[in-house]
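Below, each structure is written out as structure tokens.
In the two assemblies presented below, chain A is common to both, partnered first by chain B and then by chain C.
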Partner chain A sequence: MAFTNEQLERYSRHIILKEVGSKGQKKLLDSSVLIIGAGGLGAPAAMYLAASGVGTIGIADADEVDLSNLQRQIIHSTNDVGKAKVLSAKETMEAMNPDVTVNTYRTFVSSDNIMDLIKDYDFIIDGTDNFPAKFLINDACVMAKKPFSHAGIIRFKGQLMTYVPGQGPCYRCVFKNPPPKDAVPTCKQAGVIGAMGGVIGSLQAMEAIKYILGIGDLLTGYLLTYDAINMEFHKIKLPTYTHNCAVCGDNPTITELIDYEQAECDGVL
Partner chain B sequence: MANFNIDDTVDITDVVCPTTFVKAKVALEELDDGQILSVKMNDGEPVQNVPRSIKEEGHQILKLIDNEDGTYNLIVKKVGD
Partner chain C sequence: MTITVAGVQKEYEDGINVAKLIELEDVETPEYVTVTINDDFVDRGAFESTIIIDGDNVEFLYFMGGGH
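Up next, the complex of A and B:
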């Protein structure tokens, strides 16, 4: 496929980069990324991936845009309140870049649908706001051998890690099981600073882009934490010994997907 | 131009900076090591900047030919793949 002059101009700052070039830009245009959750993390991730020319972007979310989302979920506008988040997100991405095909899935992920959702995508972004979904995405990606970026945000803190099959620990290696429900603050108790989704969601988009291009070092084997109040980033090395992990270990005890019970309002992650 | 075995040509007179360089770079990426590209460009900013940028990428500038109509042909040998 030859680039049009418009594409050369649109992607000029990518193509100029030695690490990207026209071949890298073609890789991006030929790639597909699934974003689960069109919220605080998914919004900036989706926007940067669309702007970058990732050719196929899937977005899954069952919710509608709420006025209280707009403080951080920058893919949605005031006029979108009440609209399905996936539709609002699709409209924004298509307006940004006509090269992108957006597939919408107006659903929450569950053990029934997740394998089917992820199967055609090169990379998965976990932009969900609850632990049952996070463990489900991890287990499904491990079983389907799909790379994904985990992230979570709350108050002034954020964290992320990248899983690539065979290249380091999975989310369950590190966190084992969802925390007890009473240990998790609810949305109303917790809050989150709006720009946190922008910082962490953009890092997730960057990991997806680097994975597609095959450049640099990914955040595999590490957990990156960001504390905005103290302006501290920490890159924490994770244990490399994962043979006893319940899902990605040598003798996994979790061989079927689990739908953990979800608290009424599990956090704002 | 008769002195060179041109493998491919690209016309960057229809775009402006930085797309001028980008278009030339993309054309070079399509070639193999040692192949020769002729880049047609306008006088002025493109002639001042594009050859320098191509050189910085490690390619070899063989000749800049003045077409005496306000355009130039830059003959470049691709280095590396």
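Up next, the complex of A and C:
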């Protein structure tokens, strides 16, 4: 399919890049990314992916927009308070770029639905705020052989890593099991600076775009941490392969998805 | 001895183990921290028996659950 004149203009700053070109832009338009969680991380990730012309974007979230979300979840506006987050996110993305098809899934992710949710997407973005969901996304992506970007943010800190099947460790290689409920503070308990979602969520979008284009070095085999107070990025090298990982190791002991108990304070994605 | 902790060179007395370094570095939620030395994971059960040596590169990896 040839580009329309409008597309040539819209994507001109991409097309002029030798790493993208018209071939790369075509790849983006033909690609699909699923974002789980339309919140602090998912909002900027979704917006940059939509603006970039990722042709199909799925967004999963069971929540409604709350006034306390708006300090960081920039895909939603004051007028959206009370609206389903997936609907608000879809409206914003479609207004940004009519080339994008947005699929909405107003649901929690669970062992019952996650394999179905991820199966048609090229890349998955974990924008959730709780460990049961983060471990579930990891295990499902390992089992379904899907690449994904993990990220977490709290206070003035953020971190992310990218999993690509066969190319490095998974989230469970690093963090073997979810911590007990309330052992590690959540954003709701501890707070998070609004722009942190912008920094880390945009990096997740960047990883998805690089994966789709097949360019550069992904954060596979590394955990990138960001400390805004000290203004420091730190890239931690991880072991290449974790033979004893319970889900991606030589002899996996986790062969079925697990629904861990959620912390009481964050009962939704 | 000189070791690198989270990318920063530091001086520590010889012979300390991982558990002691976690204490000296005032690691947040020490029960749940993941540790690597020279890019390899240290099993939680080996924090007492693993002695840090001159030149080691130690990293602490923390659970970060937020995102919404």
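What we mean here is this: the second predicted complex is superposed on the first by the 260 of 269 C-alpha atoms of A that agree within 3 Å, B and C clash if a C-alpha of one lies under 4 Å from a C-alpha of the other, contacts with A are read in each partner's own complex, and residues count from 1 in each chain.
Here is the rule we go by: a residue touches a chain if its C-beta (ideal position, glycine included) is under 8 Å from a C-beta of that chain, and two chains touch if they have at least 3 such contacts.
Predicted, not measured: the structure shown is a model, and the values here were computed from it.
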Report the partner of chain A that touches more of its residues: chain B or chain C. C
Quick one: classify A:96 as touching chain B (first), chain C (second), both or neither. neither
Thinking of the overlay built on chain A, is A:3 touched by chain B (first), by chain C (second), by both, or by neither? first
In the overlaid three-chain picture, which partner chain does A:195 touch, first (chain B) or second (chain C), both, or neither? neither
Within their complex, state which residues of chain C touch chain A. 6-7, 29, 31-32, 34, 36, 39-41, 59, 61-68
Per the contact definition, I'd like the list of chain A residues that touch chain B in the complex. 3, 5, 8-9, 12-13, 15-16, 18, 21-23
Under the stated contact criterion, what part of chain A meets chain C in this complex? 37, 39-42, 63, 69, 73, 126-131, 134, 151-154, 157-159, 173-175, 179, 183-187, 190, 192, 197, 223, 234, 236-239, 242, 266, 269
Of all residues in chain B, which touch chain A in the complex? 14-15, 18-19, 21-23, 25-26, 29-30, 57
